[in-house]
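First the structure, which I've put down as structure tokens, then a few questions once you've had a look.
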Amino acid sequence: YGRNTIKFLRLHREGKKHFVKEVEVCTHLRLTSAQEYLDGNNSLVIPTDTINNIVLVLAKKNGISTLEQFAIDICNHFMTTFCQVAYVKTYIQEVPWQRLHENGVPHIHSFIYVPDGIRFCEAEQCRNGPLVLFAGIKDLKLMKTTQSGFEGFYKNEHTTLPERNDRILCGELFCKWSYGECRNFDFDCIWNKIRECILEGFSGPPDCGEYSPSYQKTVNRIQMLILSKVSQVQVIEVILNNVFYNVVDMKNLGLTNDKEVLVPVEAPYGSCTCTLGRK
Amino acid sequence: YGRNTIKFLRLHREGKKHFVKEVEVCTHLRLTSAQEYLDGNNSLVIPTDTINNIVLVLAKKNGISTLEQFAIDICNHFMTTFCQVAYVKTYIQEVPWQRLHENGVPHIHSFIYVPDGIRFCEAEQCRNGPLVLFAGIKDLKLMKTTQSGFEGFYKNEHTTLPERNDRILCGELFCKWSYGECRNFDFDCIWNKIRECILEGFSGPPDCGEYSPSYQKTVNRIQMLILSKVSQVQVIEVILNNVFYNVVDMKNLGLTNDKEVLVPVEAPYGSCTCTLGRK
Amino acid sequence: YGRNTIKFLRLHREGKKHFVKEVEVCTHLRLTSAQEYLDGNNSLVIPTDTINNIVLVLAKKNGISTLEQFAIDICNHFMTTFCQVAYVKTYIQEVPWQRLHENGVPHIHSFIYVPDGIRFCEAEQCRNGPLVLFAGIKDLKLMKTTQSGFEGFYKNEHTTLPERNDRILCGELFCKWSYGECRNFDFDCIWNKIRECILEGFSGPPDCGEYSPSYQKTVNRIQMLILSKVSQVQVIEVILNNVFYNVVDMKNLGLTNDKEVLVPVEAPYGSCTCTLGRK
Amino acid sequence: YGRNTIKFLRLHREGKKHFVKEVEVCTHLRLTSAQEYLDGNNSLVIPTDTINNIVLVLAKKNGISTLEQFAIDICNHFMTTFCQVAYVKTYIQEVPWQRLHENGVPHIHSFIYVPDGIRFCEAEQCRNGPLVLFAGIKDLKLMKTTQSGFEGFYKNEHTTLPERNDRILCGELFCKWSYGECRNFDFDCIWNKIRECILEGFSGPPDCGEYSPSYQKTVNRIQMLILSKVSQVQVIEVILNNVFYNVVDMKNLGLTNDKEVLVPVEAPYGSCTCTLGRK
């Protein structure tokens, strides 16, 4: 049981300059007993209201240096404070506020909401077990308008898809990776580096791109790039939910449509998931 | 990988009387090879477009007698047709059309959308393994305005929640159960019986209700009722996401509010999950 | 300016039997002055927090006998209490709780959420003007699987739609009507009567239906029925947002699909709006 | 009647460099006759399917140089082609794809979805009347963490809001303006200039900000700035839906919260609308 979407803003001031971190926190516990389920005996139950207070108090006391550190703080607090807690899991998602710029000058206390990929992290711990830490990005939508195809696939009597060597590749990415023994990592730096790997793995070089023979191969390319460039990552899961773009057939309308007008097909959509780790 | 939200309507006619079953199907496969990820070799990949066609063809040929039977049909088709499929999973959700009634008379071909709890099922199978079948209900919102409290819980310096023996209990329920060896069950009948158990477990007798000392106990009561009344169910998972209703303090406004005006608090919300099986 | 989505539950008890009315209220004001915009002088501004309190206090004091009466109460309060208010408008929407039934027996304090058409109303008033009252239903989704066609329409070089005399008609309805001089109407009774007219106008008789030659004609039929049966209604606006269902072409798959498998096309969707009043 | 959310992507290539414009178009017509409503006579009805085709054909033939020009093209087409059209209105909204940059280098064919304010425009025309053109931005979320207060407002027995001279101001902005006689404006340039005015009017100078005594005054400041800097704008409507942030009271928890931890209150929310034109 637990408390979902505890939303709050942590405001930090350095002189006149303000820094904001707005987050949504979900924290779930499993207790060592089951008497509250079986007998309605609540004596060991930590109310979700108390969970809520603890999260806010930790934010007040510690601040949120990084999402990951804050998730670690929350797990530690529950494990060390409550001996009836058998397991704790906390998920934190960041509200994507970015500092506002006016003509290139950063504003000291104004922010704009820019949801181009949501950062999140997750920490979980069993009593007597290690803390396991994950981080990730979700709702990142990318599109490349060429250098993508899908050919040579398996065919039978239910196949109607034509082979194509030039299509639009568009999708929403979800990436989640685990850290090994997490010592004092610079989580912000790592997260930004991984985001760059995703963009590069998806798009290829800026001047020519790189051909994608399938969604699967693109997913793999992203994973390989991250594992090769970011040593702290142990395992990485990528989900690519793809939106198809159909070239509109304009023959009936007396026109030749050379992939100029395309219609997105949002449902049904394909999905491709792969988890890759180090040997 | 797979295809999500394949939406379609299966229309069945018996004379002038029409029957509709509109569904959303998600079907995911895992192949025995990984060459499409590593080498971009697509020769074993069944396009999601083909998956889509297969689902529609099965619907056309077999009809949808029950969601569960249709899920079984889909799994069987993929396992018997494609030897490169290592694992198949299919999820089906029903669009809640109900036959329209005019002054109590059922209409022969008109329907109304009534989303008071969405029916779904899931089937999965590994090559050489048994087919495992689940069914469930989601998005079922219930409220009882008394006969609910929360007292005697664990307290420490972060506790601010007062004890209460008369509060509103309101939540959204998700229930998912597994069938054991599924022979020829009457899946519609079982589903309706379980829905009744949920309503009864949540609410108690219609003339007086039954006191709930916690969300946990209510979840357990629902599970115990289902296990005792529906022998085909092996394991049942229940998630109750609860919305709190705060009694508005009107002292400042010169009024005494005897739990007459309450404000829902939609976020953060509490959540309570429990999985219960037979011995 | 104003306050949107003030959500609250009004609980009414008669002995052990409970009655609930959960609503969302939006209340907007226009003041006689503009000094708060031009000079930042707030002296006449009624804070939205105060608007919120007033709505809750009125609910506590008066209860919510009907949505419409409560909307009238709110308008009256603002007009008589604040001479700086030039115009007030309030919109109220009901959360669709229905009393739970167990084996046909109504439960004294348990409710289920059944969103099969949301009831709303709106009242507005200018200083020195009459109070104008509207009521309506929205998010009502209906489908008929035959007795609908579309033929004889205008054609030119951009026409690709075939003529059809047997298609599915499916749409989401929004209806909003105005009352004339509203004396002591039984608003609940009228609303239910209008809902029945909508279902009947859309579907026709339960044993055979009635042929619809276009969305436009169906909209008109609904309006005519309401105006003929409900004398209190002066003007009625209907919006029908229709979802198309395409018959899947299965020729490539070696099958003849006799309108058995259809795919909904949710975007783009057609929309048809018409406002009709009495002479 | 009309066709909503016609979604498509217009791809334009200059050598190896690709340019995308993905839009959602809604086009509504009113005909000179009403026979389709009254008699079910469809002979003048232009099917929404034809409307859809026309929009796609215009996109193919003309391209989308700017949203505004495309809206003008659509209106012109319907007015000149169909004499039964009494009125046409078209709304176009852009899907916020931005060119991807890798280490500062723009990619030739990759794009990222960045929804930090959605651009839209609207054109409408009655037969024998002028074409009226609007443009706008919506879903633009901004926050300033100081330099905002609300004091000196009207008080009575329902007032509970305290006066504050340092609060968070956060809201979602909707701005829509009309152009006068629209000759050959540079619509992209104007739109960007207005977006900058909004950011500046909301935030004030980057090094110190500017005090906002109310939402109303901030709305007015934005409008005044636009009217003074952008001569092509005739009338401008601004809606500011504000999210309140409550400072969490931590006294019970033994802590002093100096506006460090705040909780957003998403409903109910305040709303402030103002329309301002030139004399």
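Here the chain labels run A, B, C and D in written order, and each chain numbers its own residues starting at 1.
One rule holds in what follows: contacts are C-beta pairs under 8 Å (C-beta built on N, C-alpha and C of every residue); 3 or more make two chains touch, one makes a residue touch a chain.
Composition by chain, UniProt nomenclature: A, B, C, D = Uricase.
Quick caveat: nothing in here was measured; it's all calculated off a predicted structure.
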item: Mutual neighbours - chains that touch chain A and chain B alike; value: C, D
item: Chain whose Cα centroid lies at the greatest distance from that of chain D; value: B
item: Shared interface numbering between chain D and chain C [over half = same, under half = different]; value: same
item: Gap in Å, rounded to a whole number, between the CA centres of chain C and chain B; value: 28
item: Centroid spacing, where centroids are CA-atom means, of chain C and chain D in whole angstrom; value: 26
item: Chain B and chain D, separation of their C-alpha mean positions in angstrom; value: 38
item: Interface hub residues of chain C, defined as touching at least two other chains; value: 7, 53, 57, 158, 160, 253, 267
item: Chain D partner contacts - residues on chain C that touch it in the complex; value: 1-7, 28, 36-38, 40-50, 52-54, 57, 81-82, 84, 150-154, 156, 158-161, 213-217, 219-220, 241, 267-274
item: Chain C - residues contacting chain A, complex; value: 157-158, 160, 252-254, 266-267
item: Residue ranges of chain D touching chain A (in the complex, touch as defined); value: 7-12, 16, 18, 20, 22, 53, 56-57, 59-61, 97, 100-103, 105-116, 140-147, 168, 196, 199-200, 202-209, 245, 248, 250, 253, 255, 257, 259-264
